[in-house]
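Quick notes on the structure that follows.
By written order: A, B and C. Residues from 1 in each chain.
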């Protein structure tokens, strides 16, 4: 385990060297949240009620903030793995004494940690200024747990997309499509609660809802019951996706061995 | 032959070379085009869901949104497909790759921009056309306005990208800045302009002219107006001239990359 | 007629100076310190039409900067330049029709396309009609022996093959002058020789002027009639290559082997012993002080000779000597060939 910790730490330190880029990157979350604040200000005043589908304007914006933090802090894993497969450096990674996927996971986490921090600070500051204080801090530790699990869910899916590079050269298209499906079915741009009920049912049955909607909704309305539901769903999906990932990885490696042979 | 004709012929030759290069990787090219169409289409589901529930944003309806997406996607798509180096100009500058263009007897800026092509731009463009068709403005005059509006949007897009990337002449590394400007342009262009008022709206017509690649041409496609046409033409001219001046000023500062990097 | 005239050329770059480490980065962010770097200082020279001129110097000497000013890529800080009657940075495009350039480290051929496609694109760039460009490509592919390479995507060519295509591309529009910046960089001996041969042939056939920079003295020796040596942005020597050799090749080195062992403290009057073994000796002497004959006579009388090798120092060594002399002079002032030779 200690070697993965070391990989994580090195990657984290490496990111400190690009502190300027990191700060500049968090400009994006400020921009998105500011636009969302305008959109929902107009929409709430047009609807004329305090709450829409049980969420106040304040709730909606804090929900969107957490969802954006998760999306904007993801590592560009699929692209990285695809690049490594294409330029052959994957061979160096495969013959080192660690598990390729756990290695990628440590690197990815090292990449994300700082971004999660800066995005949360910047995004939180904007939303606080625009609509007021964040939801009950007692729920934060629970939210943190679900954010970590959400990150792992996303890791499994993006790693699978990256592994697709064993078969096809170009994986960016898959990355875009996954990203947009995540946006819609995960509820990045509007809380799922505002969807027509049939679509809510579909969305909530997918892992995407557990990546964004689950943690974000828990954030604005923390409760142990909700926490239990979210974590249960996340763990079940994680088991399924991790299984699939391992399966595809083993298939991919054999393929690579044949190519290299 | 007039000089315009000569440069246009040259442009055609460049595009042909780009097409040949893209055809070296046919599969990847097609995948990117289809991927980008799907990417945009899925993203647009957000607005369908939104308007189904809330009907309008200060007068903007789903139909306006379709026109907005069609203009922005067409403009950005064609700009990046035919002038693909516009999104990586700062690297061309900092890595000293301008040497090549400067040693050939052609207009440098046009030559640089048209020497690259972003495959997904073709996907954006196709999506823009689809969005226009779905919006259903089939009159010959509406199509004419769509063509003109998109054409001016392409120029404003390119002009803003060139200005943002040209900062590399002075700043050295301008990657992050240029990327942020590009992202901000597209993001702001894709929201109803009616959301913004006061300073924000002013900025969207000046410092970050997202309005001129989205809302303004979209309004023009919807209905002809001399005022909007005047606005568009004026803005296009201003940003075009600004881009040319800034880029050519920058050329005097050009340091040709490696010459000095290896020395200091 | 002069193809190139350069008078008092200056080029200063501004470089951001940054102290080491994170602290230095932060400080540079708030208050950048600027440092002026003089890449070219007070350079003057001429080049005749159809001449083969070599420009030589170590990395960072200002060679590339000078070439880039001559092609109009960089604007100079001061001084006058005329290339084929044009001021490069003001009449860049007019000049570009008349000259060709190859930058060894910057490919001009499209990476993913076969060279022939770039050749036709260049035809459009230089506004050649289809018939002219086809004839020209035919002529050049033969001269450069690249018929078999034309249809292969450039990314699949070896460096030497690519370089031959690059040089051919720069000659498509029949320029009066080509500027080659490090054309042989990274090439192996055989590939280098091939490039040199074709360049030389093009100069003979079409009387195209060649200005060549290199840090490889071999390029200059094989190709150029005249050489300019620069260091720290200044000319430290300029003259014919033959004169350079004559004036600097004043020392000779002799390697001798004998049939019998030599006496222990064997000496040759007027020569310096570099290495002495039981059966052989290696020594060096200055031909202006000690005649060759005197040394050989001494060596011949010392025992039964098995083998003798007399050699000149390589041009490389000669140039190293010139750099050292230029660096050693206290003011490091601009010295032309005459001054440099007097000091020897």
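The rule is short, and it goes like this: a contact is a pair of C-beta atoms (placed from the backbone, for glycine too) under 8 Å apart; a residue touches a chain by one contact, two chains touch by 3 or more.
Just so you know, these numbers come straight off a predicted model, no measurement behind them.
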Central chain (distance from its CA mean to the mean of all protein CA atoms): B
Maximum centroid distance from chain B, chain identifier (CA atoms): C
Whole-Å gap separating chain A and chain C, where each centre is the average of the chain's CA atoms: 55
Cα-centroid distance, chain B relative to chain C, in whole angstrom: 44
Chain A and chain B, separation of their C-alpha mean positions in angstrom: 29
In chain A, residues with contacts to at least two other chains: 20
Where chain B touches two or more other chains at once, by residue number: 25
Touching residues on chain C, where the partner in the complex is chain B: 13, 15-16, 35, 37, 39, 59-60, 64-65, 68, 71-75, 92-97, 101, 103, 105-106, 108, 110, 112-113, 117-118, 120-121, 124-127, 153
Complex contact set, residues of chain A against chain B: 20-21, 24-25, 27-28, 31-32, 35, 38-39, 42-43, 46-47, 168-170, 172-174, 176-177, 179-181, 183-184, 189-190, 194-196, 199
Residue ranges of chain B in contact with chain C within the complex: 6, 9-10, 13-14, 16-17, 20-21, 24-25, 96-100, 102-106, 172, 251-252, 254-256, 258-260, 262-264
Of all residues in chain B, those that touch chain A in their complex: 25, 27-28, 31-32, 34-36, 38-39, 42-43, 45-46, 49-50, 52-54, 56-58, 120, 176-177, 180, 183-184, 187-188, 191, 194-196, 200
